[in-house]
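Please find the structures below.
Next come two complexes built around chain A: one with chain B, the other with chain C.
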Partner chain A sequence: MSDKGTLAIYWAASCGGCEIGILALNEKILDVAAAFDIVFCPCIMDTKARDVEHMPDGHIDVCLFNGGIRTSEQEYMARLLRQKSKVLVAFGSCAHEGCIPGLANVTNRQSIFETVYLDSPSTDNPGRTLPLPEVQHNGFHLALPVFYDTVRTLGQTVKVDYYLPGCPPEADRVWDAVVAILEGTLPAPGSVIGAQTTVCDECTRTRSEKKIKAFKRTWQVWPEESQCLLEQGLICCGPATRAGCQSRCPTVNSPCIGCYGPNAGVEDQGARLITALASVIDSNDAEEVERIVREGVPDPVGTFYRFSLAHSLLRRAALVPDEERHELPLPRAAQ
Partner chain B sequence: MLREIYEPKIVGFFCNWCSYRAADGAGTARIKYAPNVRVVRLMCSGRVDPAFVLKALALGADGVLVAGCHPGECHYIEQNYKTMRRFAMLQHTLTALGISARRVRLVWASAGEGAHLAREIDRFVEDVRTLGPLHWQTQLAEPDHTAEIDRILVEHAEAMEVGR
Partner chain C sequence: MAEKVGVYVCDCGSNIAATVDVEHVAQWAGGLPEVAITREYKFLCSSLGQAMIAEDIKTEGLTRIVVAACSPHLHEKTFRRACERAGLNPYLLQMANIREHVSWVTKDRVAATSKVKALVAAAVARVQYHQPLEPMAVAVNPHTLVVGGGIAGIQAALELGDAGYPVYLVEREPSIGGHMAQYDKTFPTLDCAACILTPKMSDVGQHDKIQLLTYSELEEVSGSIGNFKVRIRKKARYVDDATCNGCGLCIEKCPRKVVDDGFEAGMGYRKSIYTPFPQAVPKIPVIDRGSCIWFERGRCRACEKLCPTKAINFDQKDEILEVEVGNIILATGWDMFDCRRMPQYGYGRLANVFTSLEFERMCNASGPTGGRVVLRDGVTEPKSVCIVHCVGSRDKHYNSYCSGICCMLSLKLGHLVLEKTAAKVYACYIDMRPNKKDYEEFYWRLLEEGMLFVRGKVAEVTDVARTPQEEDQLIVQVEDTLLGKQRRIPVDMVVLMGAMEPRRDARETGLKAGISCSMAGWFIERHPKLDPIATMTEGVFIAGACQGPKDIPDSVGQGAAAAARIEGMISRGTVMIEPVVATVQEERCSGCRICNSLCPFNAIDFLETEKVSKINPVLCKGCGTCVAGCPAEAISGAHFSRDQINAEIAGLLCDADGRESGAELAFAPAQAE
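Presenting the complex of A and B:
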């Protein structure tokens, strides 16, 4: 065994883009390899959970964990890697705040199973078989992980030392984090490694007074290239999103969609975005405001919480919506 | 069967300059109104971050009442218009999350309108009573798999003869 540090990279409910995000370090990946032995990374190496189980506690110096927690297997791996790692980093938007997989929190296990295994046009399932956590087959006991109703973030599951936001994290920010780890200049545990301010602070577009009579969707306009996108009626998540990407999307004439999560000090990205957008609507008439909102934001959850639903204050949509409750009228207290 | 009597828990965010004084006035005038609202006094209804409302609901409130000065009468010129716009977006979002827009209400009440505010509070409490409890934390509860996962951790450790 060399005197290098040990590094683990794991994925849970994620898309694999975070591994690509690490590879985007390009030739600097060689510096990472010079500093660390990669001891566990199912994406690129033949390593198994058993290998991790066999390690003494705290054997892994740094674990970059990407993905949210959707199944009991992912929860098990999160807890196992927590136990075996000195520093556990929630790497990328999924581990940090649920990201796109977390948007499934607008629905539930039953509906997801019905869509995936029964209703989708390409599915052929005449027996209408749905996955079960346990089954007896030819005398064997077979088990699958339990699929949860709600996607949780890594931080809602185990103690996380650092968060590295982004979908995926920008290579430069990953490198900053690697340097901070190697030089021992990490911030206080529990904090986000990255910028404190918003995407607007990095955006080079010209800003003046914002007054909007209607929100437009990206396919409806060809945005002017130097003016603030929000002023042009496009919903840009910049005012409520953490900096760190050099405003990559606005630079190429596309509004920010919020993948870096809320900026420092903000608990709920959607609430902050609502606050920001409410200030730019140019109407003091309640009915007109309602029309602008209804017509301009057809999908409020997907717009305000595209990346952060699992990490928001409510975390999910109601399992039983108010509209579907058919409870008996409850007794009143004496008048 | 005995059913527990449900009293809606409601959090109120009232503006210092109008509705909070209206509530005060209602009290001084001995006007009776439902005791279900826990009032938080703010300097302006414009101070109500949507996060306050979401947090109240997430932590157990069945409804949230925001009260401010009538449009055009804001102590800070036009902040209650921002409240109105924010509120429209918040209701739109809550509806999409399966929470009835009737669980949150925005009312205008000037400092002299104690009776009006008392009436609005009564009406809101009755509306939330009809909707039933929200109990948000039960929406988040998953069956607890901790014991099962602990068992796997121990079993695997024993099988692999891992020293602790």
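Presenting the complex of A and C:
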């Protein structure tokens, strides 16, 4: 073993974009490799869970964990990596807030299975077979991870030391975090490594007092390039979204969709967005306000909680029966 | 956090102690975290009670105070001062309202005591997060705005002007004078209204400290005590007030005559260019655009051709004036009940049914009949008149309140009829209420003069005769409750004592000035007994009938009182304002400008160079709208911080009685007896 630090990169309920986000460090990835031995990263290396199981506790110096917790296997890996890591970082929006997979919290396992395995037009499943966690087949005992009703964030599953927001986190912010880790200048454990202000701070568009008569979808208008997008009626999540991306979307004439999550100290990004937009609707007539909202915001959850539903005060749509939990036993710490 | 909290539970005599187990609460509160001392006392607001708190602060070294007593609206200032006297910052106090919110709304001692515990726990939890705050001193602009040029507004303006302070007096009509200018005599002394009012009106017109803005309306108010900015719409008069000398030639020569629904209450005529009455102040006429032949057909301009000073200007437009004032007095007066709303009394249908205002104009020597009391035909003197009391007052279908002035008004009008005609005069009343100085005596005088009083609420006024004697008469159907009999009184003329009602636009006016109206629509005073002229908005005062039905002496008294209050402030030069304001943390503000249009007090400015929003602490009232609206959590509200509110909620939900759900405890409805 060299005297380099050890780094693990893992993915759970995520799209793989976070790994791309790390690769976007470009040549600086070499500096990362110079500082750390990557001991576990199924995306780029042939490493297995059992390799981690055999590590002593705390063997991994830093684990960048992306993805939310949707299955029993992901939960197991989260608990395992927590046990084996000195510093566990919830990397990216899924681990931080649930992100797009977390939007499935408006429904439940059964209806997801029915849609995916039975009802979708391209599915041919005459036997109406659904995945089961355990089956006996030709004398073999086969097991699949249990699919939970609810997507949870990493922080709702295990103790997380730091959060790195973004979908995916911007390479510059990843590098800032790496530098902070190497130089030992990390903030207090449990905090988000990021700005204390919002996307508007980095946006160069001109802003004035906002008075909005109608919200428009992106396909309905060709926005004027220098004026605040929200003032042009596009729902831009910038005012309620943590800065860090250099206002990437508004810069290319597309409204912010909120991937960097809430600003520091804000509990519920969606609620903040709703109050912000409610504040600028230019009408005091209840019926007109109702019409503006109905016509302009056909999908409120998908608009205001696109990235943060699992982590929000709402968490999920009401679930009638108690959710089953399938916790796999953790291996005893290897000697 | 190591605070030493003192908890004081007030009995409020038996107001609280009769319903809440105060001793138990005080004892229980001693077990709450950080609580160093708890006491229960008969009247905490008494000087002894206050001294006890102050003494404890000094001897026990208390750092936070919780007073569980009445509404903070009533005594928060009292207890803050007690803290201050003992050297503790007054904002380190929290009150729990256990009287209005608990003991006065239930008789269930167990539930009441539980709720008090939850409220005390909330206050104890919250107060630990309080921060010391310092009130801010604000300079008072010596100018005052008086809205409404009736007798209350005139009095206020004169008091202030005579004290040497500049006043803007805004009046919606072309002349000041208000309702009082319409009357003939005033009760109970029977002074001629004009004789006592017009000198005051001309004083206002000539006063070097009073800038009179007639035919003008309040448009918008911003700012706060000491520094209001007011926009006033000066409506187009089509007569240049600087050039016009008030000669009246234009009025004389105007060919168009219309019914005067305003000053003459529909009883007389005026020209299209007019002053409402001969003694109008100012004497400058206005052109009524609605009836003027030039505006209607594009020809005439007689007034313009004949005006010796070339003051007529048909191109005049409404003007918006902006003035800065330190205080505002609303003296916007009242409207008369529309008697058509009680069709059983026949007003508008039966020609010889009059309203009291119509009758006032008829009695007035300078009115449409030259003071003669005649029927609607303009010729015939009535042989009998019936005055109907409480039309739209003391009637839950219209206004449940008593208008207060109508009994005396009825007596006055009865006297005038008896003086001017040989008619018999009846008054149908529910109760006679002549309840001020020399009023009862006036009632006796009318009894002696032969006015006939019938105790009963009139059911109907009709012209349908049942007997030959009733032919061609108005029949007043009334139950005489003293005789216990239905009566049908045939008369020639009926006068309806219409109720005093709030101005139809009082709510909008109130909104502009930031004050609210009662259910009935009268402006709400700060305290119904102890502060009837101030409002919940600092620097905005109310005087006269806009606050509730009032006669002339009461209106004058309020006008003078409001002026005196303001003079005090101006002579001190500064007022202290609450430091409970919102602040933007600049490093967190992204300048998104969501908050900019939210502030009801226009306290938020956007700094273009720094690209951040900033709150003017003088204008901010600490309402918290921007704090809730800020999507970046960059704004915090002093005295209502997130920590304080969360702690308060957590305290409220505490498990005071060891039950499982604190929420159930705190919000359980009081049990019905």
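The rule is short, and it goes like this: the second predicted complex is superposed on the first by the 319 of 335 C-alpha atoms of A that agree within 3 Å, B and C clash if a C-alpha of one lies under 4 Å from a C-alpha of the other, contacts with A are read in each partner's own complex, and residues count from 1 in each chain.
Heads up, the rule we're going with is that a residue touches a chain if its C-beta (ideal position, glycine included) is under 8 Å from a C-beta of that chain, and two chains touch if they have at least 3 such contacts.
Quick caveat: nothing in here was measured; it's all calculated off a predicted structure.
Once chain A of one complex is fitted onto chain A of the other, the partner contacts of A:Ile44 are absent, as it touches neither chain B nor chain C. When the two structures are aligned on the shared chain, A:Ile20 is found in touch with neither chain B nor chain C.
Contact with chain C, but none with chain B, is seen for A:Thr197 once the two complexes are overlaid on the shared chain. In the superposition on chain A, contact of A:Asn263 is made with chain C only, not with chain B.
With both structures placed on the common chain, the touch criterion links A:Leu319 to chain B but leaves chain C unconnected. Contacts of A:Ser208 after superposition on the shared chain: chain C is touched, whereas chain B is not. By the touch criterion defined above, A:Ala243 reaches chain C but does not reach chain B. When the shared chain is aligned, chain B comes close enough to touch A:Glu53, but chain C does not. The wider contact with chain A, measured as residues touched, comes from B rather than the other of chain B and chain C.
By the touch criterion defined above, A:Glu290 reaches chain B but does not reach chain C.
Shared contact residues of chain A, touching chain B in one structure and chain C in the other: 272, 275, 279.
Contacts from chain A toward chain C in the complex involve residues 196-201, 207-211, 228, 230, 238-240, 243, 263-266, 272-273, 275-276, 279-280. Residue ranges of chain A in contact with chain B, taken from their complex: 50, 53-57, 72, 75-76, 79-80, 83, 106, 146, 148-150, 267-268, 270-272, 274-275, 277-279, 281, 283-284, 286, 289-290, 293-294, 297, 299-301, 304, 312-323, 325, 327, 329-333. Remark: chain B residues 3, 5-7, 49-51, 54-55, 57-58, 71, 78, 81-82, 84-86, 88-90, 92-93, 96-100, 102-103, 129-132, 136, 139-140, 142-143, 145, 148-149, 152-153, 156-157, 160, 162-164 touch chain A in the complex. Residues 587-598, 606, 628-634, 642 of chain C are the ones that touch chain A when the two sit in their complex.
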